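Below, chain A partners chain B and then partners chain C, in two separate complexes.
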Partner chain A sequence: MQSNAQLEYDYSVVKAFTFATILFGIIGMLVGVIIAFQLAFPELSNLAGEYGTFGRLRPLHTNGVAFGFTLSGIFATWYYVGQRTLKMSLKESKLLMTVAKLHFGLYFLTILLAVVTLAMGFTSSKEYAELEWPLDVLVVVWWVLWGVAMFGMIGMRRERTIYVSTWYYMSSFLAVAMLYLFNNMEVPTFLWSGDAPSSLMHSISMYSGTNDALVQWWYGHNAVAFVFTTPIIGMIYYFLPKESGQNIFSYKLSVLAFWGLMFVYLWAGGHHLVYSTVPDWMQTMGSVMSVVLILPSWGSAINMLLTMKGEWQQLQTSPLIKFMILASTFYMLSTIEGPIQAIKSVNAIAHFTDWIPGHVHDGVLGWVGFMTIASLYHMAPRMFKREIYSKKLMDAQFWIQTVAIILYFTSMWIAGITQGMMWRAYDEYGSLLYSFIDTVTVLQPYYTIRAVGGLLYLIGFFMFAYNMYKTATVGRVLDREPANASPMAV
Partner chain B sequence: MFHWLEQRPFFFAVALFLTVAFAGFVEIIPDFAKASQPTVGTKPYSVLELAGRQVYIKDSCNACHSQLVRPFKSETDRYGMYSLSGEYAYDRPFLWGSKRTGPDLMRVGNYRTTDWHENHMMAPSEVVPGSIMPAYPHQFTNEADIATAYANANTQKEVFGTPYDQADMPKLGSWDEANAQALDDAKAIAKDMKNQEVKDAVAGGKIPEVVALIAYLNSLK
Partner chain C sequence: MDQEILLTIQGYAKFFIILFVFIVFYSYAYSIYKRQRTGERDYEKYSKLVLDDSLDSTPLEERDRLEKKKS
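Showing the complex of A and B:
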């Protein structure tokens, strides 16, 4: 094994993806805040004609944060963590360097095209797979490029054993490849248009009705698994021990949690289809496996918390550690909340309500957002060779965003359960007690609280962007790479 | 075994893939053919209805409206008969949605009229006070894409065997025939509408998006 000092890692690709993370984070979250305010104050819905309606903006928000912000963060950290844990540098291979740069270029282009086409209304309608077929083809190309870079880097490694983080990144690559391909099997309709001057962009799904729903949620749930979960676990397995200077609590637990998660996760997709027209046994499997999923999820999270054993005082001194520990805690919250919602009798009330976006957001804001932010903060002093610009600002950001998340999910819990209970309320004569509109207007205060929560999170994200920018440009220059705790100016 | 795998990335990846993919094989394959059989009486969409369905998708109505009535009394009382798998046999893509910011639309054709939709799409909160739905005035001026709807239907017929042009089933025919039929259908809808610009457009051979959308919504029963 070669020591770090002898290897000079390449950060050009990492920096490019870091920039993309921040840019797409701002765009995606800004759109999210706008549509949150639209639900609270509907007069904001028609400010930009057809391009400003909730329907057009919602896919823009979900794609922007999932495939813009989160994927950029995953790629940025992969090229950083990959080089280091495999003990190789991209600089050693011209081919891999080219592949990695092409990966970034095509990826960036795709997301920009996604913003334009979604705003214009080109969508396949399937959630988190809205992009129309020409963009899907582009996605496949750069996903394969990522795979080539990944396995190329693994092939060049000097460290014989593959580290836990790489297991998780590898699982994302393989699983998303399979899921994305099968869910986006679609036929461009211009091929059978006869003489009709039809649109080149339009396609229809290979599957119909119930089958389409089944494939979609097999994909939809597990896109969450392999974009919002596994790569983020990969990040925390590398960045938490590095930043805290602690060893991972248990190797055995990490093996158990990894293979357990891999086996169980795919089954749980059925919980999106409880009480629908898919076969009953699949719905039941979805519910049961969602509950089983608590074990591997908490396995990783507890492994991370116990890694801090004996070093909890670091929470007082480092806002960066705070981000990571709270991320892990939100992961635990989210992975107990999901299984609860998957239980059939709870699902009967929760499904179709605001509790679902509430659940998604304590996961993505608390777990994905915080862990991605923490990872980029940790990488900054290493790739810019400068001290982090401001610890105070980071600490303020932490608290603003934490309050933001709490406002978000508590208001959505109340909204969801209120809605779910009102939909099924009967009066003494056996008639439905509320008309549908009653169940909408009652939510106004909660929608307002949620929008304010979202706005606070966005403000925190701007503070992050500013802190990163200042670090890169005016942070105190470091003469050597910090071993563990990232240096930060007060 | 795990140590061994962790040093052999190829075998690691193979084991990983099989572990991940297992659930998909078991869950998806067995019921696939059965679930796509149409219920007796279910018919494919007409070209105008498909054009309306495309408008529904273009403006992501499915972001706020479901099309899935669950088997609970509170839902069947509100929306009508619970959904059956076979009713969706010709839905490509499916449009169940995942969120009811607005009500379910699976059977909206049973209890709303052309007239209601016309007013509602133009100004939702004037029809339903307190509504937070955006207004869709652009659907009154944008033209519906009938050509793509024809390609959509013809692809379903040619590739997936959707029974167009069969006894007791909607007629598709050539592009010219289908286009003429869509215009006739649009005229029938426009007859019940009050917006003069829409009426004029249809009379002049153009079909605004809102006409197609209403044809689609009326077909949901």
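Showing the complex of A and C:
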């Protein structure tokens, strides 16, 4: 290992992933807003033929925001947090630098291909695992490259103890590797189709029926765990203490919450299959584990809020701290809401209703979105060596997006519970009181509110993109790296 | 072995596995709080890994020196 006297951290890969986060964020959220308006005004589905239908666009939205926006954010922050807490620079190893750049290149290509193939209608029809087999192979390649870069960096570290954030990133790497491989076991049909016409892209799952459902939701729920939760916790454990200049309230609690989360999360996926044809004990286990999950989730969230003890005035002065504290608060909200929905009697009303996307979005818009945005804002002055372009713009973005999230989840709560109650209502003879279309008519106003909420969030995201662009190009040049609070022009 | 016996074994196995992990987890929790209290190891100092993270600052616990000591 060479002397670190002249060395500095390398942010080239961080910058590339930051760009990808913003680009895929815009694509994924824009498509989300379009489909939200389609649900409120169905005639919008006919604007672009087959390419504009809800069925084509919905996987584009989910894949775009989960594997485009969120994953880019995770990778950007990993290459930043990883180098800094391990006290090593990518510049010290040509091999790791090459691996990291290859990781970015292949990842970017895959997500672009995902956008094209999903728009063309190639899908394996498994929710959140729609990508067809050639793309799955690509995903495995760059996931392994990420692992090589990660463990290579850990191997080269100067610091003996691996900071808790890295543990969260490692768990994400290991768990997603296992989940993705098993859920995407599939056979390309052209291999066995003989003379029958078959697309090169098409494949069928190696599982069928109930087994398929079990593996799918073991994957589906843990994709939430290890893409939307653990790496984001890793981010907040670095960026909140760093930005506020505070020690973590309890490092011990952070370690305990980590192991608690690791043990419990993997068992909770069964709650997606309550009242379905999977074994009853598995449904009960899914429910119970989901409720137990409150403990480690709140352990981290409370730890973050208490980190601000004695420093709450920063919430008034720094919009960046506002983003992070609200992210933590939304994490608390969605991790109490999820377990409530997993209780069997509540699930009887909530399942298949709009309350579910409501729950998902207060988590992803409030927790994942805000934390990713805040992390990128924090990194900007360090990687571009420039002051953040506008504090006012950031503050305005915060309030617009906060109102957006509130509109989104409150409308979906009301819509979902109304829907669930109407589906179950029956008269004294046991006949259903409402037909499906009756619920649609009642829900239409809430769908409009949701679409407006989504649009506001997207507007806020454009403000973020503009602020980042201006920071990188015309922000005041800094003569030295800020220690804690990120400098921002008024 | 019929289905019912299999399910019973599954149920008991699951209970004891959870009990085992429960004991391991709380023992670990107890051990880290005890080590902190007796001064054997200060966990809270690791917050500094974030606050003092520039490449030229001295590592909190030097890795190389530790390895040299071992050898």
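Everything that follows uses one rule, which is that the second predicted complex is superposed on the first by the 480 of 490 C-alpha atoms of A that agree within 3 Å, B and C clash if a C-alpha of one lies under 4 Å from a C-alpha of the other, contacts with A are read in each partner's own complex, and residues count from 1 in each chain.
Note that in this section a residue touches a chain if its C-beta (ideal position, glycine included) is under 8 Å from a C-beta of that chain, and two chains touch if they have at least 3 such contacts.
Just so we're clear, the structure is a prediction, and the values are computed from it rather than from any experiment.
S.K.: Kindly classify A:Q283 by the partners it touches after superposition: chain B alone (first), chain C alone (second), both, or neither?
M.R.: In the superposed model, A:Q283 contacts neither chain B nor chain C.
S.K.: Thinking of the overlay built on chain A, is A:W259 touched by chain B (first), by chain C (second), by both, or by neither?
M.R.: both
S.K.: After lining up the shared chain so the two structures overlap, which partner does A:T77 touch, if you call chain B first and chain C second: first, second, both or neither?
M.R.: Neither: A:T77 stays clear of chain B and chain C.
S.K.: By residue count, is chain A touched more by chain B or by chain C?
M.R.: Of the two chains, more chain A residues are contacted by B.
S.K.: Between chain B (first) and chain C (second), which, if any, makes contact with A:R58: first, second, both or neither?
M.R.: Touch partner of A:R58: chain B, not chain C.
S.K.: Considering only the touch criterion stated at the top, classify A:P241 as touching first (chain B), second (chain C), both, or neither.
M.R.: It touches chain C, and chain B stays clear.
S.K.: In the overlaid three-chain picture, which partner chain does A:S171 touch, first (chain B) or second (chain C), both, or neither?
M.R.: Only chain B is touched by A:S171; chain C is not.
S.K.: Contacts for A:R160 in the overlay, against chain B (first) and chain C (second): which applies, first, second, both or neither?
M.R.: So A:R160 meets both chain B and chain C here.
S.K.: Looking at A:N303 after the superposition, I want to know if it touches chain B, chain C, both of them or none. Which is it: first, second, both, neither?
M.R.: Touch status of A:N303: no partner.
S.K.: When the two structures are overlaid on chain A, which partner does A:L7 contact: first (chain B), second (chain C), both, or neither?
M.R.: So A:L7 only meets chain C here.
S.K.: Considering each complex separately, which residues of chain A are in contact with chain B in the first and with chain C in the second?
M.R.: On chain A, the residues that contact chain B in one structure and chain C in the other are 160-161, 255, 259, 263, 285.
S.K.: In the complex of these two chains, what residues of chain B are touching chain A?
M.R.: 2-3, 6-7, 9, 12-13, 16-17, 19-24, 27-28, 31-32, 35-36, 54, 57-64, 66, 68, 70-72, 74-75, 77-78, 83-85, 87-103, 125, 128-138, 142, 145-148, 150-152, 154-156, 158-160, 174-176, 178-179
S.K.: In the complex formed with chain B, which residues of chain A make contact?
M.R.: 38-39, 42, 45-46, 49-50, 53-56, 58-59, 121-127, 151, 154-155, 160-162, 167, 170-171, 174-175, 178, 182, 187, 189-199, 202, 204-205, 207-216, 218, 255, 259, 262-263, 265-267, 269-270, 272, 275-279, 282, 285, 289, 348, 351-354, 356-357, 419, 423-426, 431-432, 436-437, 440-441
S.K.: Show me the residue ranges of chain C that touch chain A in the complex, using the header's touch definition.
M.R.: Per the stated touch rule, the residues are 7, 10-11, 14, 21, 25, 28-29, 32-33, 36, 43-51, 53-57, 59-64, 66.
S.K.: Touching residues of chain A toward chain C in the complex: what are they?
M.R.: The contact residues of chain A facing chain C are 1, 4-5, 7-9, 84-85, 87, 89, 157-161, 163-164, 237-238, 241-242, 245, 247-248, 250-252, 255-256, 259-260, 263, 281, 285, 481, 484.
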